[in-house]
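Dumping the structure here so I can ask a few things about it.
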Amino acid sequence: MSILIDQNTRVLVQGITGKEGAFWTQHMVDMGTRVVAGVTPGKEGQLCCGKPVYHSVRNAMNEHKADAAMIFVPPKFVLDAVLESLDSGIRLIVTLADGIPLHEQAKIRAAALANNAVVIGGNTSGMIAPGKAMMGSIPYWISRVYQPGRIGIMTRSGSLTNEVTAMVVAAGFGVSSLIGVGGDPVPGARFAEFLPAFEADDETDAVVIIGELGGTMEEEVAEAISRGAFTKPLIAFLSGRTAPAGTRMGHAGAIITGGRGSVADKTQLLESVGARVAIRPREVGALLKEALRERKSRL
Amino acid sequence: MKLFEYQAKEVFAGAGIPVPKSVLITAASEIPAAVEALGLPCVLKCQVLSGGRGKAGLVKLVHSQAEAEALATRYFAEVPSLHAVLVEEAVAIERELYLALTMDAVSGRAMLMGCAEGGVEIEYVAAHTPEKIVRETIDLDRGLQAFQISDFTYRLGLREDALKQVGKICGALYKAFRSMDAELIEINPLFLTKDGTAVAGDGKLSIDDNSMHRHVAYEKGRSYYGSDMEFEAAKEGIPYLEFDGDISLMCAGAGLANTVYDLVNYEGGTIANYLEFGGPNYMKAGTAMRLCLANKPKVILIVTFGTIARADVMAEGITKAVLELKPSCPIVACLRGTGEERVDEIFAPIGLKRLSDTEEAVKKAVAIANGRENA
Amino acid sequence: MKLFEYQAKEVFAGAGIPVPKSVLITAASEIPAAVEALGLPCVLKCQVLSGGRGKAGLVKLVHSQAEAEALATRYFAEVPSLHAVLVEEAVAIERELYLALTMDAVSGRAMLMGCAEGGVEIEYVAAHTPEKIVRETIDLDRGLQAFQISDFTYRLGLREDALKQVGKICGALYKAFRSMDAELIEINPLFLTKDGTAVAGDGKLSIDDNSMHRHVAYEKGRSYYGSDMEFEAAKEGIPYLEFDGDISLMCAGAGLANTVYDLVNYEGGTIANYLEFGGPNYMKAGTAMRLCLANKPKVILIVTFGTIARADVMAEGITKAVLELKPSCPIVACLRGTGEERVDEIFAPIGLKRLSDTEEAVKKAVAIANGRENA
Amino acid sequence: MSILIDQNTRVLVQGITGKEGAFWTQHMVDMGTRVVAGVTPGKEGQLCCGKPVYHSVRNAMNEHKADAAMIFVPPKFVLDAVLESLDSGIRLIVTLADGIPLHEQAKIRAAALANNAVVIGGNTSGMIAPGKAMMGSIPYWISRVYQPGRIGIMTRSGSLTNEVTAMVVAAGFGVSSLIGVGGDPVPGARFAEFLPAFEADDETDAVVIIGELGGTMEEEVAEAISRGAFTKPLIAFLSGRTAPAGTRMGHAGAIITGGRGSVADKTQLLESVGARVAIRPREVGALLKEALRERKSRL
């Protein structure tokens, strides 16, 4: 079992007829994702990627009970698209757009919490359960990265995910579920929130988090482990260990402020609760092996 | 986008937050008029975006016009890329507070923060006596409620008239935070004056970059940047940071760029610049390389692992850029991802060989930069 | 507070909702200038607050200036308390819609309502073909979202450009609803014109009375009321309704007043006026009685059962009022509640005897009014 | 057992030091209501009616875990006061003020629903469990009205409540709990929402509702009965039976609009589900007796 999505998840695509929407929806379908319908205002009645298009999520939901919404709309329309899916009762949403206004990021996060919903993104390439389903723009065809297996992965980055996951696969492992929470300062979902699902997932042996300087997501992971919400091995790779304080390193959230958010502090916290932190991407594979061996010997 | 103090205070004044009387000058010759308008003593404040202006001597009280003129002349002569000085009336201060609003990522709510000790470095307070910082989170749909302001100011230790005045400022600050799409808005210090009023002593306001389409009046000119190249890069929309070292990074993806940055440091190399040309910029190899070359690096280190940002397209851009710009320094290129199998063929005209392991590429770049290896 | 059509349309225009070109006139002599400004044909619309103006002949299309002058002259001469006529350009109508916003008591949300058939009486549609009314509820904190407008206008049967235009009007109407603290805001009909634009044909806007402190620019002059006495009562803050019958009610509490109103009708009596002098008005017996007497009732029926509105205080007020106003009609008084034991003593100087049973009091009042009994 | 409040309910009074607040708090205390503290900004440390006063609800709640909040503040501050109590976790609130702006009434109602809270009022004199506790400005000392007993009462009116309840008492009954939901067009709580509690209350034999023309509260009661949420006898007295359509009769909500809200229609609906509707207040007692007799013979 993968977490959040698999081949049975019924996916609705908002913004399906756009260039990016149509391109990646076709890839999602090709990979086996169960896309049931699409939404583009004004295009009700058309077909796109072989799927019926509706004017609104409500109209689509009248015909197809979707479980999840995949949003391909420009950044300034994302909040509205998220609220629209929530309004129709969808509680799993993925949005990729990079450039969502900060105050709208916050409203998305607050709406997710208020509705007990999972909103993944923005500023991400989405999530994948290799061999089962993909929501987003993840290059599932790169087999040295998106190999099915038993390691859960959560990431704040894009390209770095490929870099680190390739190391996981090179070490002989594969991926059960990979979730890109995105690089925005206020993402819709946070690492620690998925740990219970990974804990419960009998197809996940361990979790790798790909974090970075800034924010508190890695600290929350440490806190979740410390209160026993996650007991499987957890390996972290965190970028920005040598970044200067007070400088924003690429992602808006990747900045050390108020003396908080340094990779050194995150590392110390994670290690204090028994997680392993890789200094270089290539160490992730070895740490995984070590942690799994240790767990096996303990069980 | 970080605003200058004088701009932040314009926003404050518009929101109804009291600010000291002031005159913005762009040359020392404007001092006499400013002094006449404000009286003496007054304060000269360099309008630069870096923090710690007080410690750096960029904010000073002056007691005579002559002193003011001398100081202004020196500021304009010596402070790099200084374009304006804010001359402010001196305020008779009774107490200083700290007040700020930012966004709380965990709750998706705005976070109002205050401290009864202003003026000091709030980050120091946060790290050492966090219990001194009072917090209140605000639902963005519902807005800041009167009861929250009343409780927040009470917890700040304020009473009676001071509580009411600072409360009003909290309300106004929140409105400004929302209407400006701010990521941070800060009054530090907020003066409580001897005559019983509250006045914003300093002002910081940073507008969310993703919201600049709603704030087109703010044009980010050269004075907002530390160097010409940073200004150039920003105009192109390319994330770029300048450092003093040898190796120019040209990477795709912030996380990967930061990782390469770390690896270079681990290997004993130094960074000339951080540059991302992934995402929407993956076809801008030429511009990116031009920005790198301006730093006269000893080597350019290219690392990518892209999907939409295709390796073959980036390779084509790099090849074209090398042919056009004829860089005198060597290039180390580690390109992976969609289209990677075509890269070597595309690189053939410039004699570049694709590497596929990040650490190998970093080691090679550092070796070249440190003179241990040729390209 | 109900606004006149022209005021509602001023609000609409301010919110960006297209309205027909118009001129407001307060005398027939202003017709030539209005016609010159608007052209012919044009529409004359009496600015009265009652509904059904079309059926009552208070809205008419005119084709010549002479016709317009004659009609305006007649309107100003014949329509009771008419103070203004709105002269509007005639619009070439393709379709008519209905659009309104009100508050939904169950959800505590605003309710946007629309119907593809405008112009008709929406209450008739609501009663007979409720499925034709499209609804959308709106969280007041979050506001009306774009997806809601898009779905609402689609369900109204609109497509493409008409969908977008009416969608914009929905957004503007919601903003006006909120900023005006409206209990009802309505465009009926909303014209879709032959040249493809959407224009508000009529406008209703009723501001919540509890929010008038935020809308002090609207002064509720005599023209807003059906009679001088209603205007007087409103100035005193006394709920008051005028009818044609014999018995003036002076009751405390709306529910009790309505009950007495019903009982009078059951007993075969008729109402001269409904008047509440409970709550904050319980010390205004004099004013209340003066308002009743203006209707020349056959009897004044006082019924109360108060707590804060003390029976003894009201009795004192009544006694004073009777001594001052010397009403020629009899009074029936049924006072209960706090202080009731002192009422008979207080009433002694005016020879009034307190009753303590509502039905008994009603029966007595009706008997007096119908000439079957003396006071 | 009474519903909502009894002598053990810990009541916090917002606006306790105001004239109305102090006057009625003293009455509440005199009747036996367990008032634990009061709140008035700027008056922390004072005593009022013998109870400690705090600057804010949070400060008060730090010292006294209150179960319910009684709000005595002017109409335009009610929304803020309600939100303040909700923020501190109080889920039973009574507010009396007449004149709350309509849009704020709606926000109060929405906030009550969002927080699973009961907000009674505004424009009411509150609620009482005779002999146990009172929140509001109810003249509990009028013994021919506020007689303890086994009849639940819900009302939209003030003086009329005294009128009708006196008839209930005159017929030999007494009151278990009386709830004044108030005369505003958008009250914080609605009749039908209390029916499950009256149904479960073994000290309530029947319920009397005192309604009026306009709105849909009586219709919701009929709907609740029809789906079996309330099975005890229910007697209604509704004022405004002869009111002309389209005229607002006193209360802002007391108006027949869109052909809806007439007392005739409400009566028909209520009778169709087995409720009894009194035409005159004096009939309420007889109908209660009849209904209780009938129920007894059926049980």
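For reference, chains read A, B, C and D in written order, and residue numbers begin at 1 within each chain.
Here, a residue touches a chain if its C-beta (ideal position, glycine included) is under 8 Å from a C-beta of that chain, and two chains touch if they have at least 3 such contacts.
Values in this document were obtained by computation on a predicted structure and should not be read as measured data.
Think of each touching pair as a link: the shortest run of links from chain B to chain D has 1 of them.
Just to note, of A-B and A-C, the chains joined by more C-beta pairs in contact are A-B. Chain centres here are Cα averages; for chain C and chain D they lie 28 Å apart. Here the CA centre of chain A is 56 Å from the CA centre of chain C. Touching two or more other chains at once are residues 139, 141-142 of chain B. For chain D, no residue reaches two or more other chains under the stated contact definition. Taken as a contact graph, with one node per protein chain and an edge wherever two chains touch, the assembly fits none of the named shapes, being neither a line, a ring, a star nor a complete graph.
Residues 41-42, 44, 55-59, 77, 80-81, 83-84, 87 of chain A are the ones that touch chain C when the two sit in their complex.
Only residues 51, 103-110, 122-124, 126-127, 139-141, 178, 181, 183, 208-211, 213-214, 239, 241, 251-259, 261-263, 265-266, 274, 276, 278-280, 304-309, 336-338, 358-359 of chain C touch chain D when the two sit together in their complex. Touching chain C in their complex are the following residues of chain D: 75-76, 98-103, 105-113, 125, 137-139, 142, 155-163, 166, 183, 185-187, 190, 210, 212-213, 215-216, 220, 239-243, 246-247, 249-254, 257-260, 279-282. Interface residues of chain C facing chain B in the complex, by the touch rule stated above, are 139, 141-143.
By the touch rule above, chain B contacts chain D in their complex via residues 142, 145-148, 150-151, 154, 159-160, 163.
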